[in-house]
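What follows is a pair of complexes built around chain A, which joins chain B in one and chain C in the other.
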Partner chain A sequence: MNEFLEAMIRLGAGAFVMVAVLIVSLVLKGFDRRFAAWLQARVGPPLMQPFYDIAKLWQKENILPERAVSWSFMGAPFLALVGSLVLLLFVPLGPVTGKVEGWMPLLEGYGDLILVVYLLAVPSLMMAIGGFSSGSPLATVGAQRELVMMMSYELPLSVVVLSLGWRLSKLDLGLDALSIADITSKPLWGEVGLLGVIGLLMLAVVFFLIIPSELSKIPFDAPEAETEIGGGILAEYSGNNLAMFYLSDAVKTVAFTSLAVALFFPYGISGNIGELIGTPLSGWAAFGVDLVFWFIKIELVYFFAVTVIRVGAARLRIDRLSWLYLVPLSVLSVVGAVMLYLDTL
Partner chain B sequence: MKLNKAFDKSLWVFHVNAASCNGCDIEIVAALTPRYDVERFGIKLVGTPRHADVLLVTGPVNRQMADRVRRIYEQTPGPKAVLLCGNCGATSGVYYDSYCIEGPFDEFIKKVDPNAIIVYVPGCPVRPEAITMGVVEAWKQLEVLRGEAK
Partner chain C sequence: MAHAPPYPLMIGPIHPALKEPTMFKFTMEGERVLDVDIQPGFNHRGVEYLGMKRNPLQVLHLAERVCGICSGAHQYVFCRAVEHAANITPSVRGDYLRVLVAELERIHSHLLWAGVAGHELGFDSILHYTWKVREDVQDILEIICGNRVNYSYYIFGGVRRDVTPEQVEKARKIFAKYRKLEDTILDIFLTDPTISHRVQDVGVLTKENALKLSACGPLTRGAGVKKDVRFSWPYGSYGDMMDDFKVVTPESLGYKATGDIFSQVVVRLVELFEAIRMCEWVLDNLPSGPITSEPNLSALLMAKLRMAEGEGVARVEAPRGEDIHYVRLKKNKMELDSWKIRVPTYGNIMSWLTMFKDAQIADIPIIIASIDPCIGCMDRVTLVDSGTGRERDVDWAVLHDLSVKRSRGLMP
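Right, the complex of A and B next:
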């Protein structure tokens, strides 16, 4: 009975987190468009614009192209959304301070960083499947580009994630090296020497450059190039299928930026604010302060890793893009990993 | 079909060049620049008719384009509106009575879909302010559609 109750609580919490993150992610997208407009000296759309877009898309007719493979064409958007929502159960959202204080990912213990890296591939893979089954040459080209891009950034991404876990395992604290809650509870910045800090900086740079390509944003948006292949993967999608891809992209944005925050900057400020105002914050007050701080952190990551770059750069050709990830960034990540190794000697 | 209000705040536009002289097309780009910034009303240019709510058509329809424009119109998911930019769409403009012209566009599209929502934006070329005004007219037409459903 007790187990049943616990499972029910987890289920409820999971549903709550998913709905809350859907709202947060659309607000984040709204901020992105506001800031992009600000950088271009425009007024820009209202903050709620993504909500209007979704509400409108839900009203539109849903066209199934004649030459599409209907079951995979209709299934892919749904599975992409599900894939990115499942990601939320494993990625630390909000102020995760480790197992000690009790705030941690909902399914902590059931999956680790390796699973997260795999789950991150699910929405992209579903987009590729949707593109291939559209029966449109533009969508097929887009899907091929998406797969090329995935193959390119997976190597540096895995190197970054694994070397962080490996360095944590060398600390001899009895921590689970690949558990995200443990990684967030023990930020590596304070634990390594100068070489290690340089190595961590390199890994952070690589990770931050992977964010825009994981989310297919300019200049890494070759799979969705609007002006070139007419929306690419999404070329044949309309109505609520398009809305589901839109939502899946938004949710993945929150999941990936908060993964970046959890791996490289998992600090809270409730302690500092408590010192500042004289009374230490605890319980829900501390949680609220850290939650707001978490949102500011992911917005900052998104602003610098995506918004600024997408406003200031033009689209890269797919072969150059692939080369960028396979050669310079892979080398940089390996050098960073070697630095972390030298630091332990 | 009952439309919600979100339609007014997020119109995605697909630009169809049906043998235009490029005058109107330049003005459409001008409407997207920071000076006029139609994105503040939620208007966005999209790359495929499947995503579009509004077809922004410039130019008269010549024989080469006639079938293509018809197909683009049919590929657009409903509810949709057509925004005819420039004199050409309404009257064929300077191309009036030319041997290669299939339209005026409005007559042509009425043959395809008698209930098509068409908004006329006159001008040769149209001004960006006029295009924004035309979108407001399109909203009114969509509001009519909303009223019918009640």
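Right, the complex of A and C next:
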């Protein structure tokens, strides 16, 4: 009975987290659009615009193209959304090292970083499948580009994640190398020497440059490239199918930026604020402070990794884009990993 | 490596990269363009036929509606064609003011093009920036002509409005502002690595092809051909300006005229700032006198245009290239007897075929945008019988019958 109760609690918590993150992610998108408008010296849409977009798309008709494969065309958006929502159960959201006991990724212990890296690929894969099954040459080109891009950034991404885990396992603290909770509870910055810090910086740069391409944002938006292939993968999608891809992208944004924060900057500020005001914060107060700080952190990551880059660059051609990830960034990540290794000697 | 079979890719008639409807049928191999077939004809409006139902003064306003961007150029060249046919000599001050507005239009057109090019490359910040900068020149146009888009400034024999000293002062202020921006704008377009990566060695039109295909405008000048009606066949006040200004090619800024899109960017940006200097030159050297040689409109219409007999051809350098109008007037006939427009885009579309050679999908939008196409100006109608593949041109009688049939069908 106890186990059943626990499972029910987890189920409820999972549903709550998903709804909460859906809202947070749309707010994050709203901030992105406001900030981009600010950088381009224009007014920009209201902060709630993503909500209006979703509400409107949801009322619209779903159009099934004549030549589309209907089951995969209709199934892909749903699975993409499910894929990114499941991701939320494994990545650390909010202040993982917060002061509330037991605030961890909901399925902590059931999956590790390797699983997260694979889950991250699910929405992109579903978009590619949706693109291939829409029966439009534009969408097919987009889907091919999406696959090329995935193949290009997977290597540096895996190198970054694995070398972080490996370095952690060398700390002799009895930590699980790939457990997300352990990585976030023990930030590596304080544990390594100078070489290690340089290596970590390199890995961080690589990881931050993977964010915009994982989220298909300019200059890495070749799969969607509005002016070239008219939305590419999304060219044939409409109505709530399009809304589901939009939501999946938004949720993935939170998951990925949150992962970046957890891997490279898992600190809270409740302690410092407690010192500042004289009374140490504890329990839910500390949690609230850290939750707000977490949102600021992911917004900062998103601002510098996506918003600033996307207003300041032209779209890259797919060959150059693939080369960028396969050669310079892969080399940079490997050099970073070697630095981390040299640090242990 | 096995090669996938070539597949067709349609860009158009409606596509985000196209600002107006036209059709490109690409044969692709992966991301590479193997072949392209261009099928215009989606935006025919029958302007020339409409013009033959109206008298020249009315057509004046129709002429500027041929194109939303080079509206002034079309009105200018139509004026010159009718003046040629009816033997009217424009006043000197009118000639200078005409050039002032023509150059202002070049500024706004090139700024608009720069924004569109940025958008096609996925660089929307450039779009927002250049179009914001463009607002200032639109303001000058409004101050001088009273309108922002269709200026209604030109008339046979001169211009409609004179400039006042206050207007000149305002315009000068804005010119000074633009000259301050010169370095910034050149820096954005010529040194940004992502832009260079997308425009260098892309969409190359060689000098040989430019000559062979009779391309015109900034497109040919980017290829190193010094072809500019303003200098090779001076009109207006350009003849007086020859000493101070030269034809713009990429060499003006020390770049090699390779004919790729980068050279066109250079040409358009240099022309943009040359145009500002030209405007200032005109304001500095504005002669006094009447603004038009034909102040009495009814006398002009009844005595001169109605009685005129003959043909007139004129050309001007519109922002996009050489714009030619042909007009035939008959004695005792109010309406134009014939009117033929040859817009710059019509001279440039054939260049697309060579520019698309070995391009990637990613290059298609910028190559399309690079000639600054104006499909609405250019389109003619050719009907193709899909059964027999036979083509026939449509004249006004057929169109008239079709539209009558269509309206009957709409009636209950």
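A few comments on the model shown:
Just so it is clear, the second predicted complex is superposed on the first by the 341 of 345 C-alpha atoms of A that agree within 3 Å, B and C clash if a C-alpha of one lies under 4 Å from a C-alpha of the other, contacts with A are read in each partner's own complex, and residues count from 1 in each chain.
Basically, a residue touches a chain if its C-beta (ideal position, glycine included) is under 8 Å from a C-beta of that chain, and two chains touch if they have at least 3 such contacts.
Fair warning: this is a prediction, and the values are worked out from it, not measured in the lab.
Shared-chain residue A:D53: touches chain B; no touch with chain C. By the touch criterion defined above, A:T227 reaches both chain B and chain C.
In the overlay built on the shared chain, the residue A:L39 is in contact with chain C alone; chain B does not reach it.
In the superposition on chain A, A:P137 contacts chain C only, with no contact to chain B. In the superposition on chain A, A:Y237 makes contact with chain B only, while chain C stays out of contact range.
Look at A:I218: by the touch rule set out above, it reaches chain C but stays clear of chain B. Of the two partner chains, chain C is the only one that A:I318 touches; chain B does not reach it. In the overlay built on the shared chain, the residue A:R67 is in contact with neither chain B nor chain C. Overlap of the chain B and chain C interfaces on chain A comprises residues 40-42, 138, 225-227, 229-231.
Contacts from chain C toward chain A in the complex involve residues 7-10, 15-17, 28, 30-31, 118-125, 128-129, 132, 192, 194-195, 197-198, 360-365.
On the side of chain A, the complex with chain B involves touching residues 33, 37, 40-46, 49, 51-56, 59-63, 138, 225-227, 229-231, 234-239, 242.
Across the interface of their complex, chain C is touched by residues 39-42, 137-138, 141, 144, 218-219, 221-222, 225-231, 311-320 of chain A. Residue ranges on chain B touching chain A, taken from their complex, read 1, 3-4, 6-7, 9-10, 34, 37, 39-42, 46-48, 50-51, 53, 75, 77-79.
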